[in-house]
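See below for the structure under consideration.
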Amino acid sequence: MTQQPSQDQALQEYLLRLADSALILGQRLCELCGKAPAVEEEMALMNVALDLVGQARNWYDYAAELEGGQRDADALAYRRDAHEFRNLLLVEQPNGDYAVTMARQFFYDAWHYFTLQALVNAPDERVAGIAAKALKEVTYHLRRSSEWMKRLGDGTEESHQRMEVAVESLWRFTGEMLTADAVEQHLATAGLAPDAEQLAADWQGLVNSVLTEATLSLPPADAWMQQGGKTGRHTEHLGFILAEMQFLQRAYPDAKIW
Amino acid sequence: MTQQPSQDQALQEYLLRLADSALILGQRLCELCGKAPAVEEEMALMNVALDLVGQARNWYDYAAELEGGQRDADALAYRRDAHEFRNLLLVEQPNGDYAVTMARQFFYDAWHYFTLQALVNAPDERVAGIAAKALKEVTYHLRRSSEWMKRLGDGTEESHQRMEVAVESLWRFTGEMLTADAVEQHLATAGLAPDAEQLAADWQGLVNSVLTEATLSLPPADAWMQQGGKTGRHTEHLGFILAEMQFLQRAYPDAKIW
Amino acid sequence: MSPEERAFQEKVDAEIKIEPKNWMPEAYRKTLIRQISQHAHSEVVGMLPEGNWVTRAPTLKRKLQLMAKIQDEAGHGLYLYSAMETLGADRDEEIQKLHEGKAKYSSIFNYPTLNWADMGTVGWLVDGAAIVNQVVLQRTSYGPYSRAMIRICKEESFHQRQGYQILLDLMREGTAEQKAMVQDSINRFWWPSLMMFGPSDEHSPNSQQSMAWKIKRKSNDELRQMFIDQTVPQLEFLGCTAPDPDLKWNAERGHYDFGEIDWNEFYEVLKGNGPCNRERIATRKKAIDEGTWVRQAARAYAVKQQQKQQNAA
Amino acid sequence: MSPEERAFQEKVDAEIKIEPKNWMPEAYRKTLIRQISQHAHSEVVGMLPEGNWVTRAPTLKRKLQLMAKIQDEAGHGLYLYSAMETLGADRDEEIQKLHEGKAKYSSIFNYPTLNWADMGTVGWLVDGAAIVNQVVLQRTSYGPYSRAMIRICKEESFHQRQGYQILLDLMREGTAEQKAMVQDSINRFWWPSLMMFGPSDEHSPNSQQSMAWKIKRKSNDELRQMFIDQTVPQLEFLGCTAPDPDLKWNAERGHYDFGEIDWNEFYEVLKGNGPCNRERIATRKKAIDEGTWVRQAARAYAVKQQQKQQNAA
């Protein structure tokens, strides 16, 4: 029984990681509003972003409950500074060109998909429920971003070149997703987080097969990986994202409703 | 004597206009840190920005005193939202390429120079003093930006073309500087703001001569002019500038020192 | 009138929808292409003033609502471009015209969104004005356009209620600063919304023929009056005012009287001198220009896939 | 040793400065060009982590201080490039090498600045470490470099005190959140600052010759120890801790003992795998590349003006 609170804390922390990553990627996609390469993409990007922010809200709601209700989902999203955010470094990277946007999405979607697949079976009904709903959405996200990897990788010479650059430049942010720290190891044994080895194998398998089909080079397996997002040590980008996203809540702290 | 408070209010409003324009242009120049076309330009841009933010602080200090001291200069700079800002629309426009950066600077410097030249003789010692100090700095700013107008206008074909585009695209924001509203008219009669007609004539004279020397086209005299900055109706850019600039003061409202 | 023309007009008069394969006068086709493409462009350009706040939406709920609204607008753009294509027009060409300043879009989107309450006001007033237009267009004579309108109107009405709710919440439970945002927003959007119905009837050139073809079904001034009559009670319910000292109920007419629109501003915005005309077009042009390589890649990939399938067969 | 070489070495030994026109060994020239260009690049790249916060400085006073500091750094870059040019090197070529990853700059700038307190810590620890190096370099054998160092050191000391004052103010009068920023900042910058002195002496290849030429005057480990000894009391005065459990006063040695540096991290950052290597170089390269047309225009204009003057004469 003495383990119980510590597992709750670990779960709370883990829920914030899931929520923050979804929110920040959703936010990055919001930045693209009106700037996508086609109207169809406007719709699809906003659709994906909408799913992600919705999922973030569900995870925040549960995290807030576990915390004891001092803060609600909006407080978690809008009143924490960068060092308190637990999102993956990958999702805070700038949109770049559409190759970067899509490579970032694909690497994340693949991780997200296998993560949710594990969480669907979590012994915590709430986690399993949110994951099940999210998994349906993310299955589509992954299909879509995989398709774009192939279209751009195996499209024209220019698109191939751009996608090679995108994959190479984002690769260093993928290691963090596949390495479990103590929090995640602890939860994995309780079935509340995916088994790290399995997740890494699944992710690498899928990524290898999609990159290969997309005629793209596979970055070296021993590439140096950046770490830090999950423990609040971010890149310089996150501060600017939050300054914009949180402005109204920060500037009008007395507002009770919006 | 019943006029006195109204003149103080007008002066307060006018000081905010001077301060906000200097601050926001300084902020835009800060965004260029590390991104200028040469190290010499890094130094010069930061130097100009430093002068402008310093001048803004002086004007804010005085405006805060006239207000009665409820707010200090930092509160004026960091705790007002966009609709309370009184800067010219010109200075909040994005940096664009270096032609845009320099055309924006030149149009502003020319206005700034003639404005300060008038304020040096203001019957208010404080205003005259701040203006005198600023005028020395702005004399250099104007010389520098005039030089760049000529270098880029009469440099290469590419630079000429870019400068033509820059001048044309920013022209619509220059009318606001040269049109006095009731506040400025009221102050002008008391010698606390430049005479609008004189200012417009001086500005147009200088701008015409520099553009001509720079082999650049003069935009039509009857071009449509955007208005609103001086009364708080801005372009969509200002909100983003403030979200970034004010983040720390907004996010840590309890901080007494920084 | 040729026999074909007569037959066409008889169908229109009998409220039978014209379908893509039916014969239609060339001028009817052109007018429709112009009108539907303008409408499609408006949906897409209309995403920009909202995109301006979607990254700054103040709560998760409002952010999700705004994102859903923007997604709907992209969807409307797509339906409308499809309806336009049934008339033989090319989407890329029409978009090209937009970027060259040769095609129009609703002028309202040349006004900036300057505070959060604008997300309410745009929903309430701008979508509200659009709906007044569009409700009538549900009965327009061209089938695909009429059907697109029916679907779009339903979603727009939802957006309009949501927009009004934003304002109502702020006015009822907001701080003084928030209430001031709402009034400021209404002050800025009131007149531009009235301008959305176009010039007054005496200055509206194409209206007569469009009425006969039932592309247009009510005059600009009629629609404007309808909008004002339905909007003023909502404005009063909010506890806000309009920036129009002449606005008042006229019991004799059974309508609200209102002040003279600043037609000078209207025509300046139309000419490209609105606060955001340049920015809106520049943003859209940049998106499509910078997306060229993406669309090319997608086409190249599709061709390769097709070839592979053919080779396999 | 040739007679020239002997004469050169005798001057160096006698602490007589070598000046640009004096004969010098080719290896001395090359080593100096490499060292001074690295130093110049470091000043310029070093503006970026501060540029990251200059738009967000929390008060006008701090903003002005930071702007002045950045301006000084650009100035330092310029002096140093000038000193380097006296050795026959070309600034553009050396900058090109930087952008191609062939020239180095201080690795410390590959760490991100993540909170406002970093603007204090960078001044205190990073400039502090730089000064320890530079104070010694004021007596370096090459005249122009030595003189540049004297001027730079003076300004750097000012920056360092200002940086420390930021931290002191936050620790004395700040909120709990602000104090946490300071400690977090020190935790992140402590080890990278110690790494600024380079590899330990046993792994430092070029040191011996540089010592003989008096380009270098103390070993990496000596300098590192000096820095630690002066910094720990300041750290304690702040009321903060270092992320090093082995850090403690050794009365016998009369120095602070400290833990083993993570040389793996050091070499990874050197190889380009630091948190910001790519971003820093990409930013600089973009600035110079996108500035090409500006510099070309300035040159073209200068030529035209010269011609005009000649024609007039």
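Per-chain numbering from 1; labels A, B, C and D assigned in written order.
Rule of thumb we're sticking to: a contact is a pair of C-beta atoms (placed from the backbone, for glycine too) under 8 Å apart; a residue touches a chain by one contact, two chains touch by 3 or more.
All of these numbers come straight from a predicted model, not from anything done at the bench.
Number of steps on the shortest path from chain A to chain B, with steps defined by chain touch: 1. In terms of their C-alpha centroids, the spacing between chain A and chain D amounts to 37 Å. Counting partner chains per residue, chain D has residues 56 touching two or more of them. Multi-chain contact residues of chain B, defined as those touching 2 or more other chains: 81, 239, 243-244, 247. Under the stated contact rule, the graph of chain-to-chain touches falls outside the line, ring, star and complete shapes. Of all possible chain pairs, those that touch are A-B, A-C, A-D, B-C, B-D.
Residues 52, 56, 112-115, 184, 188, 268, 271, 273, 275-276, 278-279 of chain D are the ones that touch chain A when the two sit in their complex. On the side of chain D, the complex with chain B involves touching residues 44, 47-48, 50-51, 54-64, 67-68, 70-71, 74-75, 77-78, 81, 116, 166, 169-170, 173-175, 177-178, 283-284, 286-288, 290-298, 300-301, 304.
Those residues of chain A whose C-beta lies close enough to touch chain B in the complex are 81, 239-240, 242-244, 246-247, 250-251, 253. On the side of chain B, the complex with chain C involves touching residues 81-83, 169, 172, 224, 226, 228, 233-236, 239, 243.
Contact residues on chain B toward chain D in their complex (touch as defined above): 27, 30-31, 33-43, 46-47, 49-50, 53-54, 56-57, 60, 73-74, 77-78, 97-98, 150-152, 154-156, 158-159, 162, 244-245, 247-249, 252, 254-258.
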